[in-house]
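Read the structure below first, then the notes.
Going by the order they are written in, the chains are A, B, C, D, E, F and G; count residues from 1 in each one.
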Amino acid sequence: MMNEVFAAILMVIGSLFCLVSAVGMLRLPDTLMRMHAATKAGTLGTGLIVVAAAIFTNELGTTLKAIAVIVFLLLTAPVAAHLIGRAAYHRGIHLFDKTWIDELGGTMETTGGDPDNRQSDPKKPR
Amino acid sequence: MQQSNDSAHAAGYSIIGLVSTALPLLLFAGLCFMWPQVVRGGVYAVQWPWMPSLDIVLHFRLDGLSFLFGLIVTGIGFLVTLFAASYMAGHPHTGRFFVYLNTFMLAMLGIVMADNLLLLFVFWEITTIFSYLLIGFDHESAATRDNAKQALLVTGAGGLSLLIGILLIKTAGGSLTLSEWIASDHQIRQHPLYLAIFTTILLGAMTKSAQVPFHFWLPNAMSAPTPISAFLHAATMVKAGIYLLMRMHPLLGGTPEWMGSLVVIGGVTAIWGAVQALSPSDLKRMLAYTTVMGLGMLTMFLGGNNTASLTAATTFLLVHALYKAALFLAVGSIDHQTGTRRLERLGGLWRAMPLTALTVATATMSMAGFPLFFGFIGKEIMYQGALTEEMFPQFATTITLLSNSLMTAVAGIILLGPFTGKRPDHLENVVDAPLPMRFGPGIMGGLCLLFGLVPWWVSAYLIQPAVHAFSVVEKEVQLAIFHGFNTPLLLSVITLTLGGLIYFSRKTLRPAVTAALDAIPLTGQRGYDITLKGLLATAHAVVDGLQNGSLHRYLRITIGVFAITTAAVWWFNADGWTLRLRSADLPLSHWLLVAVMAVAVLVVVRAQSRILAVCALGMVGGGAALVFLVYGAPDLALTQLLVETLTLIIVSIVLLRLPSLAGPPPGPVSVSRWVDSLVAVGTGIVVTTLCIAITNGTIDRQLTAFFEYNSYIAAHGRNIVNVILVDFRSLDTLGEITVVATAGLAGYALIAKRRQ
Amino acid sequence: MQSYILKTATRLLVGLILVFSVYLLFRGHNAPGGGFSAALVAATAFALFAIAEGPGPVRQALRIEPRVLIAWGLLLAICSGLIAVVTGRPYLTGLWWTPPGLDGALAVGTPLFFDIGVFLVVLGTILTLLLNLEER
Amino acid sequence: MSSGLAAPIIIPFTTAAIMLLGRRQPNFQHVSSMLAAVLHLATGAWLLYTVHHSGIQVLHVASWSAPFGIALVADHLSSLMVVITGIVYTAVSVYSRADITADHQQRGYYPLLHILVGGISGAFLTGDLFNMYVWFEVMLMASFALLVQGKTRAQLDGGVKYVVINLISTLLFLTGLGLVYGMTGTLNMAHLHIKLRMIGDPGLVAAVAVLFLTAFGIKSGLFPLFFWLPASYHTPPVATSAIFAGLLTKVGVYALIRTFTLIFPFEDNGLRELVLVAAAATMIIGVLGAATRYQVRRILSFHIISQVGYMILGLGLFTPLALAGAVFYMLHHIIVKSNLFLISGLIQRHGGSFELSRVGGLYRSHGWIALLFFIPAFSLAGFPPLSGFWAKMILIRASLEVGQFVLAAVAAVVGLLTVYSMVKIWSEAFWKPHPEGVNERAGGVPPMNAWMLVPIVAMAAMTVLIGLLPGPLYHLARAAADELLEPGAYVYTVIGNMR
Amino acid sequence: MIMETSAFIELTSRFTMAVLIVSIVLAFGRMVLGPNSADRVVALDLISVLIVAFLAVFSVHEGNTSFLDVAIAYALVAYLGTVALARYLFRSKRNDGRKQSPENP
Amino acid sequence: METVLAILTGTMVAGSVFLMLSKNLVRFIFGLVLASNAVNLLIFAAGRLETSRPPLIPQDATHAAVAVANSLPQALILTAIVIGFALLAFIFILFSRTYQTLGTVDTEAMTDAEPFAGEDSAKGRRP
Amino acid sequence: MNLFFINTFIALGYIGVQGQFSLSGFLVGFALGYLALWLTQPLYGRSRYFQRAPKTVRLVGYFLVELLLSNLRVLWDVITPGHISRPGIVGVPLCAESEMEILLVANLISLTPGTLSVDLSEDRRTLFVHVMFLDDPEQFRRQIRDGLEKRILEVMR
């Protein structure tokens, strides 16, 4: 019973973090900032839920699987974020107006607009 | 015309040709051997099963009619082959020529000896094919090819009509065995299908025997080498239609439909051919029209239902075959020796080609119907036959009179034109044809006279046995040199007189005839041209509109047809519409899931960005996986998700190599796009309603129950789905991995770099 | 796309994914998984490898031409069914061998070989396509 | 041994797999290809013999009895189709030696050919509807691959059209499968025969049947679903187009016959009339299409459509004679049409082009080719005593027997128009003098190639033989038709007394 | 392994699933809105992570750990989809104005 | 749920048909993906959705004790998914190859296999 | 890492003895095993396992707290109207050299409050980080170097 309660709490918290990440995706002003939400909250939320599953079943095999999933998420989510962020940046994205410093802009040349978007405004980050 | 100008061949002959004469000669001899038996009314018959289940029996029978035709086919066949042995010498394809000729002859023998109507048809069509090959023998000329095609199409069409007629006889309960007809009581004539049977068979006969309005192929067929014109298109093949009508007589004859149409069609054909024969300057073409006339006469007499008419037909058949084959071959000789068949370029040849001149003389005399010649006998009996026709005897008599007069005139032209008068300069060095070429026409010319001298013999040994074979004879009609002073004799005299008048006024008549013919708005030839043009235009109109290379159109029709047909078939067969919608107590999450998938579909449809479409598709796929998951299909969910991911990888590589979705800026939606939407929505509705209707019912789960029960016990697996895949339905999986493997090979074939 | 971080992460991940794929393959008979899923998972491992390092190193690592994998997989699947034919049973009949003394805890059967065949074919195909696409 | 039923599937697949391992030796591939084809033909013949003498044969694959497992079933129709597949397979295998370039071979021509044949055989033999879908996919995938080998512009364009429309067929088939399963809970065709009878909603059953009609209609090139065929069949290598022309549409026709005799036997729901109308339209449109084309293979492609119309006419008439005619027509057509496509390769090789305006003079220069073309062409046109005559005659007769005079007339007229097209090719490619200045060859005319001639001569001989001795084949076709119209024996043999 | 689930867990897991689906819907909203390809890829990435979470919750809800295997498998591979798309984004930029015509001329 | 799924399936089919009719091969692919998914869902619905319990036999049992989801449609769909994937992979490659060779994905501009019929027949006619 | 495996082995043995394959059992077994190993340390020669283990635990703890904090901060920014953030992209010079070190640094930066690794320079010496709440780049660089990176290097080296 303790397990169940604990698992339930973790599950709910995790799902709320997932919700936060989703809301963040919707609300935050630019691509990079949305990625903050997705990477952190999504990973944490999902991680918590997986832990909840492990606790709920309280079984070694499941636990190991849960650990595997979490390790995987922690390892891959930031890498994915890095890859998207990098690609996005180099394609030329519209950064949030309040972005006040960009040290990457000096080291790489950026070109063109987004070939997959008629709506996007190919304003260069600078 | 592939003409041999090589002097080495001018007097020569082809060895193949001479060898080829053996076959007809042997067959002719064989027939003669059977002559006594046949004359006594006996028959020879042999029979092997071929396709008895379809009423096709290899059933051959030699009776009087077959015998008469057989003699004509083999006898004239022999003489023509002999002629051709010289005529064709030097032609590059002599071998083919004689193979075709002999095969044709065998097929023709098949026609006249077959006692099974379908068997007859088989040979009938073989003669069509070989006629085609022979007409087109000198195929380098476009006109020749067109003429061959025309003959094939016209007679082919008739053949198909005949086939339907034959099969209709079977459908109507008739027998296909010809020899059974004379004795049977002919239910067919009262059958509702009688008219259809008669019409279709008549069409077959008309096309083959060049009856108006299908006659036009025959003059055009004169682009065949002359021996072919003599053999196929004068003496034998064109007579196949006549033969067919004779054979059909006991089964179908004697009705008003039969008698009326045969007399009219034959009469019109006869007069049409006779008039046309006046105008051409090409001797062969002229002869072709006289053949048309002859065929018309034969048909006309077959319209009678009395022995006189039928005897007239049978007699004239022989008369015509003899003089026409002789004339064709003689014209062939003239052509061969002088290089031309045009009247205006010929003249005064009788000295240069005396034997040919003699042959032509006897043949034309017979044609014109001078007394003592076989043609005279024929003409007498013709008038007798015409006068006794049951339907339209006056018409028949008038036609006979006019046609015969015209024939007399044409005979005059053919005889007097090339051989008398002044010989043109370019014909100075002409000599008579080589011996093999003189032999055949000479024999036939001789027979034209000989048979005219012994009509009683011809009557007893050739004509009467034939007539007995296809009709019930109450009173024999005898051929004789002189029947006494009677109406036929009077008509004969009028004929000769009128013929003479026409001959002497030919210079004024010919332009008039030509003008009159040109004034006719629709002739068979023009009808043929219009039909072919119309066919091609229709084909283009229909096909170019459908198969126009536009994938969009193909898809729209294909999908639209599916949606409309399904809906229509369902609509017309449904008894009531009770679709129950089952969506009770669905959790909110499921509703949301389905909703987001539906929206994703819309997004894909509207997407102007490839990435958006791909991502939204990912959403749809992921949603589908979740649907699988929440309804107890983890394997499916897993596979779906894995496939989604791999698809993304492939997309990410391939999409780069495809252009963006950019189209013209979204303007007003075109009508075409509305149609597309209609098709799309319609298809969606059809699928939805089908799915709802089906899930409204219950499903029998006995298969699944079996799997659930046996999966672990008998197949050692706890994952039932996997056990189905690798055991219960492993053959599916074997096929499936083959598809996968093939996709690998196929993809490899498309993308791999060429290796040295 | 050269990313040092991706390369590093890939080195950590590829082995793990492959091990998991084998796990899926062998427990597919009793739990979700099976030859096809396993092959897809394995293929993603190689795909990741190819994306991070390029197709050349993947081919080196594979040591065997992917199309040969397809062939062997197909042969294995076909032949796993032929064993039954040799013993006079209908084609593809599953033959099972339960090692004595294990109380039925383990059963080896021709359907497992069939599933391995599936695995090889699918893996070979995806690798054929992916590597050739990458190389173009 | 009943596993022999699987042999026509397993032999080509195994050969394909082995070839993939030994793909670097062209001779090995060609020789093993011919061996496999002969073996396939032999097993097919054995199957036909067994069926004819011992009745319908069933293999319960993996020992699971039908309807639980998949059953392979050989009745007269199936085994006849397998035999004829073996014949075309053998012919094309031999011909391929002359026609298939090293590059095509490098790109897997032979394995793909074998997989195609395996899929076709599977489609003919299976007694399970979903399994048939799988074999259709095998066939489809292999045909996609074969079709675009060479990657010319025309091939890719035609290939895209072929692929796209055939995918629609696949999707419809799969949808129909799902719906049928949802109605009956079974996939075995014999079991479906029983279970569908119990469905109380005739409208729904008819509507679902339309899905199969459309799906297989596309496959068989039925009006108005044939577009993919004339768009693509003239583009691949000759050997490929020959096997396509002979077999692929016939798998669709086979599926239609099987579906509408066993699964949804025609009832009073208008489907039969629909099929008859489609058949007539197919005959006409195909032959009209051929009249508009001036390239040998494009003409022949349209004729495929036209002749599929005849076969479907036989199905729609739904009498023993008509179905026997349809089966006979299929068997005759496969040999003749494959052969004509092979001969088109001869025309191209020796005349220099498939375009009628760019060839000529072959009658004079290559009499043997002329003869070899003439036989199948006039057989196709329905002249006796060649095989096509019997096929056409039986169908016309069957139409007349049930009072379908219009259909009989259509069949006859279409036959005449077929003559028109065949004469067009004959006239242009053979009789007409070779056009001046076109395709003048530097190296002179290439020598005759025995690998090309042998299969053509053999198939032409078969055409003549069937024409001269149609009895045995008709006997078999009639046996097939009787089985189709009385599916009781089939059903009992496959599933016993299962309800 | 299957175990009994109490009503309590049933309720919370249902709630969790609903929240996750709502999250997916929201992320999907970003995918549709864009405005940028990268945004869409990020949204898809998040959705795939949310699906992993959903799979885990579902396995709790069903009390069946088999579903967790699905979650692991997807967690292992989903990342690759994102990587591939990221690479696509990276490359498609480079191809701009060369071989392909850009989407907005 | 069957009804809801039926409607969803219909929507997907409609969307896919509309995409397939768009004269653009890229959109056709999207339509194809949609259609495959739709058909799979349709088969799934046709097999009836009654429980969330997967067709797995527990460790301690010899056969499924409680009602589990219908396993046969799942196996069918699995096969269909695999085949669909293979087809899709090939079609991606085919279309990209086509684009590379023909230079267009506009199906209306693709006329190489069937040159305009009039032109074709004119070529064959005698002068 | 040998000792880690031995430790794991002990934990597995413990749950095997217990007969209950559970997470808690494993954790208890692991802790007991660590204790036992620590007691018998001389048997295994010189190993950094005992220095590293607590540091790893500390890093994990630090990281988890940071992860939680970062989420709360994102949450705050998400749920409050308007955006309080002052984002920027900062290049952070790295002390980390090995690939594992760089990966860990980059990943942990991404997972911790308001920071996201966007790119790595060609020479792998500078990590470009997007910072949501950036006041002073220099201070930020210091913060990374002395906080996160230092802790990671402690564990790795």
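Just so we're on the same page, a residue touches a chain if its C-beta (ideal position, glycine included) is under 8 Å from a C-beta of that chain, and two chains touch if they have at least 3 such contacts.
Predicted model, so just to flag it, every value in this text is computed and none were measured.
Interface comparison, B-D against B-C: more C-beta pairs in contact at B-D. With centres taken as mean C-alpha coordinates, the chain found closest to the middle of all protein C-alpha atoms is D. Note: the chain lying farthest from chain B is G, by mean C-alpha position. Chain geometry summary: the mean Cα position of chain D and that of chain F are 25 Å apart. Between the CA-based centres of chain A and chain C the separation comes to 32 Å, rounded to the whole angstrom. Chain A and chain E have CA centres that are 11 Å apart.
Contact of a single residue of chain E with at least two other chains is seen at positions 1, 20, 22, 24-25, 34, 37, 41, 43, 66-67, 69-70, 72-73, 76-77, 80, 83-87, 89-92, 95, 100, 102-104. Looking at chain F, residues 20, 25, 42, 45-48, 52-54, 56, 58-59, 72, 78-79, 82-83, 86-87, 89-90, 93-95, 97, 107, 110-111, 113-114, 117, 121 sit in touch with two or more other chains.
Shared interface positions of chain B, i.e. residues touching 2 or more other chains, are given as 142, 540, 543-544, 547, 549, 551, 555, 559, 608-612, 614, 630, 634-635, 638-639, 642-643, 645-646, 649-651, 653-655, 659-662, 687, 691, 694-695, 699, 701, 703-704, 707, 718-719, 725, 727-734, 736, 738-743, 745-748, 750-752. For chain G in complex with chain C, the residues that touch the partner chain are 99-100, 102-103, 106, 117, 120, 124. The touching residues of chain F, counted against chain C in their complex, run 54, 56, 78, 82, 86, 89, 93.
Residues 1, 6, 13, 16-17, 20, 24, 31-33, 37, 40-41, 44, 47-48, 51 of chain C are the ones touching chain E in the complex.
Residues 6, 13, 20, 61-62, 64, 67-70, 72, 103, 106-108, 111-112, 115, 118-119, 122, 126, 130-131, 134-135, 137-138, 141-142, 144-145, 148-149, 151, 160-161, 164-165, 168, 172, 175, 179, 181-187, 195, 199, 201-204, 206-211, 213-214, 218, 224-225, 227-228, 230-231, 269-271, 274, 285, 288-289, 291-292, 363-364, 367, 378, 383-385, 389-390, 393-394, 396-397, 400-401, 405, 408-409, 412-413, 415-417, 419-420, 423, 427, 430-433, 470-471, 474-475, 478 of chain D are the ones that touch chain B when the two sit in their complex.
Remark: chain C residues 28-37, 40-41, 43-44, 47, 51, 66-67, 70, 73-74, 77-78, 81, 92, 94, 96, 107, 109, 111-112, 114-115, 117-118, 121-122, 124-126, 128-130, 132-136 touch chain B in the complex.
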